[in-house]
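Okay, got some structures for you below.
Each of the next two complexes has subunit A plus one other chain: subunit B in the first, subunit C in the second.
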Partner chain A sequence: MKIKRHTIYGYLFILPWLIGFLLLVMWPMAQSFYYSLNSMRITPVGLQFRYVGLNNYLDVWLKDMFFLQELLGFALNTLLRVPVIVVFALIIAVLLNQQIKFKGTFRTIFFLPVIVASGPVINQLIDQGATSIPLVNQDIIIGLLAQIFPLFIASVVADLFSQIIVILWYSGVQILIFLAVLQKIDPSLYEAAKIDGGSSWECFWKITLPTIKPIVLINMVYTLVSLANSGQNPIIELIYANMFDATRGYGFASAMAWMYAIIIGIMLIIMALAFRERKTKRAF
Partner chain B sequence: MTVKHKASLTGVMRSQSVSWKEKWRIIKAKLARFLFGFNDRKGFLLKVVIYTLLLCIGFVYLYPMLYMFITSMMPLSDLLDSAVRWIPSNLYTENYQQAFSVMNIRNSLFGSVVIAFVPTLFQVVVASLVGYGFARFDFPLKRLLFGLMLFSFIIPPQILMMPTYRLFSELGLTGSLNAFWIPAALGQGINSTIFILIFYQFFKQTPKSLYEAAEVDGAGPFISFFRIAIPMAVPAFLVSFLFSFVWYWNETYLTTLYLTSQSTDITTILLQLQQFEQNYETLYPAAENNASRINEGIKMAGTVISVLPLLIIYFFLQKHFVESVDRTGITGE
Partner chain C sequence: MTRKALGKLLVMLFVLLVIAVGCSSDDTGSNTESDNGVNDGAESGTLPEMTDDEITLTYASWKNHELNEFLADKFMEKYPNITVEVVPLDTEGWNDNLTNLASTGELPDVFWYNGNVDIAIRNGWLGDFTEYFEADPETEDLLDTMVDPGYFDGERKMAAATDYFPYAVFLDENLFERMNVDMPSPDWTYNEMIDLIQEMTVPEQGIFGYNTGGKLLTIAPIVNQDAVGEFGWDGEKYDLTTDWAEAANLRAEFIRSGVHAPLFDTDEAEAAFGDREIWPASTGKVAIQIDAWWTVGAFSEPEFTDKGMKWVPYVVPKGDNAETENKPAYIDFGTISPATEHPREAYELMKFFGWSKDGWEAKLEAFKTMEDGNGNLVFKHPDGLPLIKDQEIWDELRTLLPDSHYHDDFLERAKNPVSLGGRALPGFETFLGEVYFGGEYGDVETAITNGEVNAHDIAPDLTEKANEYYEAALEELNY
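Moving on to the complex of A and B:
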């Protein structure tokens, strides 16, 4: 009897979400998959569907000249940015977790980007050149890198430097997450390590990092998803443009969105595999 | 060693009984302790590194803001004058007046506040309910549903965008506030998953015995939710409210989709900022010998205006905010 009551109340509490999920996630997903298999025309009578099978998917790869190019650029960019953002967020969180003076002030400053950063604001700042540090001369960096790497890698890395502020600005939420979990680590662990003669450096690698490893993965996933879904992403603009394109329309755009989603999914799986717990290997 | 209790360094140095070699050794040890620290005390060098890093990174964070504020205060002559870099020659507010009129400030401010506030209210309330449901009760398929919730955060919004847009326009929800608060009330607002996770995490941490005690006293699940769970979750509410408000305020993707393609009067500050240049051209048509062309100062003034309300809210809430981040542990582990 008791179990049954729990079931009823549990479903009662999550009911709004459940309805929303079915109505605004599942149903649109099914619909968009159906669209992607059809060629859609908007006529005065209404929408007209013509079944074309997987042709839309083929067209995304074969007939769209921007998709592949943007996709490669995006993949390369993410590959560089995700580690940079996560490592940076971790460093800042560790610094902010120290016993320092003006802790509150520093925290206020570092959480500022969470509040301020948004598409149009960042666009305006990029336009004005407020997002690159004037002291860093990019031409020199590009020149140096181009000698070592092929040009397309060099330009991506140089791009990283020139947009360092924007990249750092995207790490606000990640800092918050790291900070919250750092504060939960049991201080007695550190005390024990100190008594055994461990230095702070060793403590970081042997205690802090293993403890927060799952959070590192969560942060990487969050970073990847937020980078992939941000309005600044050229692929998203491409999908948006195709949606209202007269010759292509919803069907093609849906297929493109699905292809994009699958690729993001593959990236997430790779990430999760790289970070999975190896249960068999416990050294101590 | 003659001086067993080193009263002070100077005392040791003055005393004749200690040999030079001994003195030198003591100085070295003291210096090493000062620089590298011992036990729990951090060394001076480490402190220097920490503060330098914090200050440098803090500067990187503040630089665009400073640049934005200062440029917005500059008249055209200062912008052109390369000698004026950081301090405007006089207090100049013309930029702001122009930006105010370009952005149609009264309308857009009202629109922004409504669009940020109403869905946030729904979002936070619903997220707390759902989080409580997941945290407190065991029911069949719970794990599956929880997984689906996480999954709904990961799937790209572009997949859902087109059908959702069609659904909304068939129901006649586009072009009004309805397109924003209804998804929020159904737990599908902007980043709803994160808020549900925050509440889930928080309610998981509150001791079970509290609820059991209430149950013994005859409280149903709803009463114990309102009387016990909510009062204890104030930090979680605060964090969620601030984040949700900020995200709705900064949202341009949905607002562009639902508000600009429809004929409606609702507009937001961020939308106005997006179309700032076009609006400026129509309001102040560029004439041949007219000095009132758009310049960086005006654009930055517009940017400052769109950020300022958030900054004000943040500076009022930041103390509670930073504290409650400590206490909520907003991690979705």
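Moving on to the complex of A and C:
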């Protein structure tokens, strides 16, 4: 079989990424999977493994009282935060797509938190209360919500208010993605709609939204993954804590990480199914 | 390449990688008893000679880094052929940092583990230095209660006490004077302390009987049951059914009835002090503060004296029917890496930094002379108490403390420390995490305080579980 020259060029161009992917993603993943099947000890003379099969996976569900609890909290949080972030990003992107002065400056301002507020910076800001709106009284919100919902739901919704600023800070990349696709929409579509008497509101619902629907899915996936990997995510902290726990260690933590990854994967599949392109039935 | 083929390729690649990881992992097999042995060359009853070869030892503890460097220099003066490298580690996440070092084969020759011996046991970090310890004449000089801790299985000495801060009960002498209540005898008893706490509670004047760093339920079993560890540990098993349960209920009652100062960040604290996050001991409205020796320096600062407080230290009182003078203490433990190439010298280094007379002479010199960049003494008070009985060392240390009979009384009665659980008792910390603070009762102490459970009702179950965790940890020791 003769390999075409441009195919070789293609592979050469992605070779650095492939090497990086193999070394920095596939190898650690394979390591963590191997660890998850073992009870592991980090001795001064090297790592020791004792094969335990799927026991670590069972223990994640049967012995760790926090995993399920944190997982439910995360699912509920995600259910609330993903739409908030994506809708906010869409609104801002639509606004920034208008012909306004200082457009570049505004775009920079909205993207800046992505660069500035990461890792320890965001932790400091949260600790100092800079990510909540002082006028929003948390206790009153919880009190009101608790009259309608069970407390664990009420506290999650109230948490949304208390961290509203940091949640919106997560929307920088999504705004950028929406902006890119909004600029790709053919202006003649809007022009034709206007000629036919369509309002801006109708244009948004009939042209903009259907056109960018696949990108909404991409942004939802991006948001879910970034929330799942966030340093503020308690499950990530739980996995870290278990890594260094006396009776659990890397094997247990790896199993927990894999279980978590599978659950995130299931959430992504549900999301993809909900937003998949449906073939329109044609009437004959 | 189709998507299906790409998927198959990735799965195959992953499986191959898992196999490769399995084959490449540095599995050294099970860690038998002899694997932890570092006594090569030691003959029974005789401490082997130190080497004359040029060697390097690494050392890690969270003590003041300059003090560590000072002591390392003194050790190197004594043994010029040995170079000591102090490994700087971030104190936060100490055991995590040790884990990272172990994973790269760089665990220091001598190191302290922080709070939780279970991590060191599970990962086989504890070297067996029994023969050195037992052949060493200086072992005789150790405080009596500090000899046995570290014999986790009763046979092998695998960790040794390296730092000592006793529990201390501080009384505000000025407040006692104002209330016309006599200061207790330095030989006071547990029940006298309880009576005094209640006597000094005067709600109409906003005065609270006591506030805690250290807890009654930690103190009571040690002083009343003559226990040698927390939760009524008698050297073989726990018993929470008597003094622990009694003290836990009493503590809950004291918190609910306002004998105990309001807890941190509560509405009660705001109502009492106008600040929900203030430390009650700094308000002048608390008679007794159960704390630790490291607070003795802080209490002589203007923050307290300017407000009219005069906190004076007492030892934890003796049990009314106790036979010993055992008192709870914060004891830190160190060990020797089983992988060290120089176990004999590593043992000597651990001893020098921890309990040898030479080491303590060097420490006292450091307390007297070490200055910061502004020419101020680094240590306004000695950092910890000696782990040895040598009276010269205790006398010398006494000269560095304020001239008050309270300090004389304290030092005279602080020679029977009993370590808190997690550092010295296998399984203890895991029991705390999985049962005591995070099991079916939730946080046991909070549940008792809130009246959700009675300590006497759950004590038998807790006792059984604590002993099970101990047994499980011992199995890990022989993994």
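The definition used in the following text is that the second predicted complex is superposed on the first by the 269 of 284 C-alpha atoms of A that agree within 3 Å, B and C clash if a C-alpha of one lies under 4 Å from a C-alpha of the other, contacts with A are read in each partner's own complex, and residues count from 1 in each chain.
The rule is short, and it goes like this: a residue touches a chain if its C-beta (ideal position, glycine included) is under 8 Å from a C-beta of that chain, and two chains touch if they have at least 3 such contacts.
The shown structure was predicted, so the numbers you read here are calculated from the model rather than taken from an experiment.
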| item | value |
| --- | --- |
| Partner chain in contact with A:65 - subunit B first, subunit C second, else both or neither | second |
| Partner touching more residues of subunit A, whether subunit B or subunit C | B |
| First (subunit B), second (subunit C), both or neither touched by A:27 | both |
| First (subunit B), second (subunit C), both or neither touched by A:6 | first |
| First, second, both or neither for A:83, with subunit B first and subunit C second | neither |
| Touched partner set for A:48, first subunit B, second subunit C, both or neither | second |
| Which superposed partner A:100 touches (first subunit B, second subunit C, both, neither) | first |
| On subunit A, positions contacted by subunit B and by subunit C | 27, 29, 31 |
| Subunit B partner contacts - residues on subunit A that touch it in the complex | 3, 6-7, 9-14, 16-21, 23-25, 27-29, 31-32, 35, 91-92, 95-96, 98-100, 104, 106-121, 123-125, 127-128, 130-131, 133, 164-165, 168-169, 176-177, 179-181, 183-184, 194, 200, 214-215, 218, 221, 225, 228-229, 231, 236, 239-240, 243, 250, 253-254, 257-258, 260-261, 264-265, 268 |
| Contact set on subunit A toward subunit C in their complex | 22, 26-27, 29-31, 33-34, 41-50, 65-66, 244-247, 249 |
| Footprint of subunit A on subunit C - complex, ascending | 13-14, 17-18, 20-22, 25-31, 35, 93, 95-96, 99, 102-103, 105, 107, 116, 118-119, 121-125, 337-339, 429-430, 433-434, 438, 476, 479 |
| Of subunit B, residues touching subunit A in the complex | 39-40, 42, 46, 50-51, 53-54, 57-58, 60-65, 67-68, 71, 126, 129-130, 132-134, 136-140, 142, 145, 148-149, 152-164, 166-167, 183, 185-188, 192, 196, 221, 225, 243, 246, 249-253, 270, 273-274, 276, 296, 299-300, 302-303, 306-307, 310-311, 314-315, 318-319, 321-322, 325-326, 328-333 |
